[in-house]
Amino acid sequence: MEYVYAALILNETDEEINEDNLTDVLDAAGADVEDSRVKALVAALEDVDIEEAVDQAAAVPAGGAGGAG
Amino acid sequence: MSAESEAGDRRTEAIPEWKREEVADLAELIETYESVGVVSIGGIPSRQLQAMRRELHGDAELRVARNTLLVRALDEAGEGIADLTSEIEGQVGLIGTDENPFGLYRQLEASKTPAPINAGEIAPNEITIPESDTGVDPGPFVGELQQVGAAARIMDGSIHVTEDSTVLEEGEEVSGQLANVLGELGIEPKEVGLDLKTVYADGILFEPDELAIDVDEYRADIEAAAARARNLSINAAYPTDRTAGTLLGQASTEARSLGVHAAIESPDIADELVSKADAQVRALAAHIDDEEALPEELRG
Amino acid sequence: MEYVYAALILNETDEEINEDNLTDVLDAAGADVEDSRVKALVAALEDVDIEEAVDQAAAVPAGGAGGAG
Amino acid sequence: MEYVYAALILNETDEEINEDNLTDVLDAAGADVEDSRVKALVAALEDVDIEEAVDQAAAVPAGGAGGAG
Amino acid sequence: MEYVYAALILNETDEEINEDNLTDVLDAAGADVEDSRVKALVAALEDVDIEEAVDQAAAVPAGGAGGAG
Amino acid sequence: MEYVYAALILNETDEEINEDNLTDVLDAAGADVEDSRVKALVAALEDVDIEEAVDQAAAVPAGGAGGAG
Amino acid sequence: MEYVYAALILNETDEEINEDNLTDVLDAAGADVEDSRVKALVAALEDVDIEEAVDQAAAVPAGGAGGAG
């Protein structure tokens, strides 16, 4: 899941979600970065509206989040 | 020996023509129908009995005759069915139907109507006076209720039964006072109708307690059996016209589940992975008490 | 439960659920057929909407339903 | 679905679930028996614990549900 | 379940779901392919709208019903 | 999704989920195989208990049982 | 949000969630790192079972679920 988290960090910091940036973040976190997964993720996210996907998640009480909060 | 056979002959000859015809009619009924049963008609006013007979028309035929004639007709019908003679006592009739015994029983039970019970009768089942406002003005009736065993008192200007009260157990005799109280309240604890005592069909004698079937139970069994077949079809991955769609759905759900679980970078689940990550971040944030540690959008 | 399965087969093949057909199916499956159970089933199913019951089974979590069997 | 019901009847009567027996049951139910579907069923059930498969809800919240929380 | 997965792969690649194609996919995966199961699957899927079945499954969150927890 | 299905087929047939095998299955299904996605898939599945992940799917009503569709 | 994601990445890569590591990840993502928030986050997570917290979020309606078709 670290690849996805990395993409979302970049989304938060308004940096481009490309192979270099993802690799940098993952490197910094001490991950063994697989280039193929980075590539695949970039490709997979190409047509995804991240904000929208996130909003849909937020619209639903996620497990503990709602309860504990 | 010859004297004996002579006596026998005489007895046969002694039977009047009308009796012989009636026995023949009864024999025909026994012959005609798939199921033949003995029903108790005790306590049913004759007009009501006529009405019931008309209602049965088409599904079943009811014949009433002297018990001796019923016994004779059954005896003559042969082994097996002759066993019905043990139920010929009191006011009974013979009923014939092409429905199977279970269906006949259900039909007769459904046609029963409630009726008041009289003093001196035996309670066919537990008699209960339900919790209610009797609507009866305060007066000696409270005492009568209490004497038969009901929890009764005066509330809001009328006599109330304050809780469901069992006033007689099954098999006990109804007292005059109880009969009065029940009559006053309009409670009809009896079910009146043709009471099936036993049925003979296809060589088997059926007792009423085995004829009482619970349709809901059968419906539940059908559902359970259908569910089990579905489970087997899907779990064994054997598609049928009823389950092919579900199997496809299951396979695709499995693939998505694996994809999300393993964070596989597939375009088909990329949005789901993003949602999952976001949900996780929120879930984790919910465990963080210190607002300083949280971005504004996740605070309190 | 074999009696109920027999009824469900007949339902699927659009054959009448009567004593003869049930007995035939059960015989073929090597069951000791009790006439009275067949009769009771036929009478009971007269009041059961089998398609509805089957749909119900498909719509409801199937595990619980199985418990009755 | 009649094929599956046929297998379940045989399972109840402790008869072997093989092509002959399935065909007999389905014939008795007036089904147009397709040999390939009978064969396929036998093959599909070969390694299946029927009791378990039957009880295991195919579409039901299983373990996962509350457990994680 | 490999037979069903094979059908879904073909659906994704827009290839026809017929006996030959299913057999090819399963062969490539090293499966012992039973012709009868392939036939039965093709027959069972004849009247099924695969997209619809898959979409309905997708309407439900994958990856465990944590919600209850 | 064809890549994931390919992995699931190999898992069912007890073949190793490696690049060659995945590519074979996808080829047989007429897919345009992207090496990097195959590589990424193998990497993603490396430490994953597939059985467990798949079982989590069972925790969810499969196939639109509820008739939402 | 990026701070919490950074913690989740470190959790996945089994690196310690401390100030240095968080700062590295955030730096790599081009974030303006606020020391006080990093400190606060490290302190706040000290007593949190991250695996457990994250598992609670396992089931969220997928963003594109409906639209996938």
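Letters A, B, C, D, E, F and G name the chains as they come in the text, with residue numbers starting at 1 for each one.
In this section, a contact is a pair of C-beta atoms (placed from the backbone, for glycine too) under 8 Å apart; a residue touches a chain by one contact, two chains touch by 3 or more.
Please read all numbers here as calculations on a predicted model, not as lab measurements.
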*Give the chain pair, either B-D or B-G, that is connected by more C-beta contacts.*
B-G
*In terms of residue numbering, is the interface formed by chain A and chain G classified as same (over half shared) or different (under half shared)?*
same
_Centroid distance [mean C-alpha coordinates] between chain E and chain C, Å_ = 31
*chain D and chain E: spacing of chain centres that average the CA atoms, whole Å*: 19
*Report the inter-chain centroid distance for chain F and chain G in whole angstrom, where each centroid is the mean of the CA atoms.*
28
_Contacts with 2+ other chains: residues of chain A_ = 1, 5, 8, 37, 40-41, 43, 48, 52-53, 56-57, 62-65
_Multi-partner residues of chain B (each touching 2 or more other chains)_ = 225, 227-231, 234, 237-238, 240-242, 245-257, 259-261, 263, 265-266, 268-269, 271-272, 274-283, 285-287
*Can you name the residues of chain A that touch chain G in the complex?*
1-2, 5-6, 8-10, 12-13, 15, 21, 24-31, 48, 52-53, 56-57, 60, 62-65
*Any idea which chain G residues touch chain B in the complex?*
1-5, 7-8, 36-37, 40-41, 43-45, 48, 50, 53-54, 56-58, 60-65, 68
*Which residues of chain B touch chain D in their complex?*
225, 227-238, 240-243, 246, 250
*Which of the residues in chain E come into contact with chain D in the complex?*
34-37, 39-41, 43, 64-69
*Can you list the residues on chain B that touch chain G in the complex?*
256, 260, 268-269, 271-272, 274-290, 292-295, 297-298
